[in-house]
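Here the chain labels run A, B and C in written order, and each chain numbers its own residues starting at 1.
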């Protein structure tokens, strides 16, 4: 209950700040030297937030589709030859820092939106693939056997039993991927992608504490809210299928 | 009639099932008894194609099951397993409706069938129907599993240790319920268990299995009276074998003329109950309820329970 | 039967072999002029290298696969270095040679084949450590021998070799310093969470929340309180704490590191069965004795798994710390991004990846060794 109230409050504060930033001018004013703007003025904060979210959504949705499809493929008999490598590759991939992925896409694609999008897309694959595969592997053998024994075709087993039961874990992978993507998108501002990272970096460059703080808090609040939405949906799903 | 013809399943060098031929008459219960690793689970899975045989095949009413697509075959064969394997994301009612849904029955017919089965298995459709598997007790989940297996009126019901996960306290009741249900529906059942007492109670025919082969096949009376070898007689626990044998017959079958004193015993009680009562109360005869001037005599029972002699077993 | 994975990987390697291996640029920022392996060495070397993945289609033995794919990988890496030598010998002194798309694709293809072969080989922990040492040794020898000296990344390194090692040291101090601090604080906290039921949920919730906050945002939010400390508390100023630089970086990495350490310590202690605890109590262990001699050793594999996550995560995140002036390999990455100099970006990114990979491999082996101890 307390959790829901604090989430709602956070939501209201974020919205208020995005829609009427001037209301917060008195709070931020003491943080900056004379003559410096206390509210980020080089772009509309709401537009930046939407761009940030758009970047994450545009990367994570294709990433999730590909990751889940790959996990389905390697967990079928036809793809089993690729299972050991794909697992090793996931483990190996996760030792790749997200920043390094971003840094390595720049030489390939130049500056701007595309390298960031590619980095977010690539890095999003790992947690979703890993969680989907884990869900398939840990599916109770008696449920798996029952599905076959009831006369479901392989496709029916996948759509009616395996995927619905894997959904909470897949969404947990999606949550992790989205959080990492939100974070990496802020760094994307160093390669000229539009995101809230721009505000923080502008603050760091011009020594403007108010910029750093508003950018930081906005990004953090965004991440917390999105994570909370995922957790809420996951808890609801798990409620209906606790005994696995 | 279900026929298993020369079924074998070999894993590398291990012969899990080794040339098993078995006939299951329509409307009867056949129980396969064996220890774990005897190949009985593999044999059961060979019947509905969850395991592909190395050689041999299965015929249902004379039709070779290899010619039926595996998912079609399995929709015609009910399957109930030890830890029930209910789908955790579906309600009890939807679980029961699994096969009818796959077969594309009209909604109304599916709903009616689910209601019918739940009532038959003493599950309140209004209450239990909407529950998810994790909200069911062990006994309820087991019955939902059986209802799901029976939902599409299968030609054969396969059961893999169906009572294995139940408390001993409710297991006996579940066994009686299954027996009553089978008699009522006339379903052909192939059941596997490691528990000889369960097999004797439920079976019309018992097949004792060891190391992939059938050691003995026969009626419960055959198995108890003439175990084919020391392995089978070891399974039929030596100490209480006579009692188990007596439990196959009812008092009504052995009533003789003559008076007796004391409280009467019901006519449908088993002979082992009657003998126990006589030993406990020190009587040689017991009156039979509802049968005046009839009684049951101790020495006749002792004649039944001994090693089979000519005329002792009818 | 054909090995389908090798078929799938042989295609990109085959294509990559005929794509540009190297790019020759007249100066640091000029557009590159492409050269394929065949352009540099003639037809036969790329053809011979291509025989490896084709051969692997028919070979299933994991050891042979390992050796062959390793040979293929080394051949590509050396041909990159040697190609650069040949190209730059005919070019002006400002000219730069850098690996092009073909080099990346073939390297990745052979690396995947090697990874797959190693996975199928299932090496034990000691063998994995041995292989890692060999890889490090071989790479160092090739570098010292100057095999890649004419490649632009190495030229960037040559221009700032002192700085490279200084930043490397800072990177390690950031990553390992916060790692050790997180272990020192996190393991006791994890033990407390295991023992005190009501503590666990709020602590884990709070730490999960912290992990959710993007790194730059957390740095930003730490700048304010730390800056205040530096201005108003002499002791803090004497320690060199300020809103920018090492202090906020260290604190942020420490905070991120707490969740895996605390969570895994508590979860690891959960896995110790109650029978073992009862037996220990029955044998007369004291509460502390039981913790030290029984519970912690049994929980060790899970705790080490947490430590591995933390170390790999810290090595990566330390890169971002360069944004708030804490140095590390990230400073090359962000300078490179600022100057549009891919070679400089790689100079920062490649050692970070190598470091994280080495840390992960070493910890993976340690985890297996600690499990082996508990199996006996």
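Rule of thumb we're sticking to: a contact is a pair of C-beta atoms (placed from the backbone, for glycine too) under 8 Å apart; a residue touches a chain by one contact, two chains touch by 3 or more.
The model shown is predicted, which means the values in this text are computed figures rather than measured ones.
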Which is the least count of steps on a path of touching chains running from subunit B to subunit C? 2
What are the two chains with the top count of C-beta contact pairs? A-C
What's the chain with its C-alpha centre farthest out from subunit C? B
With centres defined from CA atoms, tell me which chain sits nearest the overall protein centre. A
Centre to centre, by mean C-alpha position, how many angstrom separate subunit B and subunit C? 60
Between subunit B and subunit A, distance of the C-alpha-averaged centres to the nearest whole Å: 54
In angstrom, rounded to a whole number, how far apart do the mean CA points of subunit A and subunit C lie? 22
Within their complex, subunit B touches subunit A through residues 48, 50, 71-77, 79, 81-89, 98-99, 102, 132-134, 148, 158
Could you please specify the touching residues of subunit C with respect to subunit A in the complex? 3-5, 8, 101, 112, 115-116, 118-120, 209, 211-221, 223-224, 227, 243-244, 312, 315-317, 319-320, 323-324, 330, 333-334, 336-338, 340, 342, 345-346, 348-349, 352-353, 356-357, 359-360
Give the list of subunit A residues in touch with subunit C in this complex. 31, 81-82, 84-85, 87-89, 91-92, 94-100, 103-104, 106-108, 111, 179, 182-183, 186-187, 190-191, 197, 200-201, 203-204, 209, 212-213, 215-220, 223-224, 227
Report the residues of subunit A in contact with subunit B in the complex, numbered from low to high. 140, 142-143, 145-153, 156, 161, 164-165, 240-244
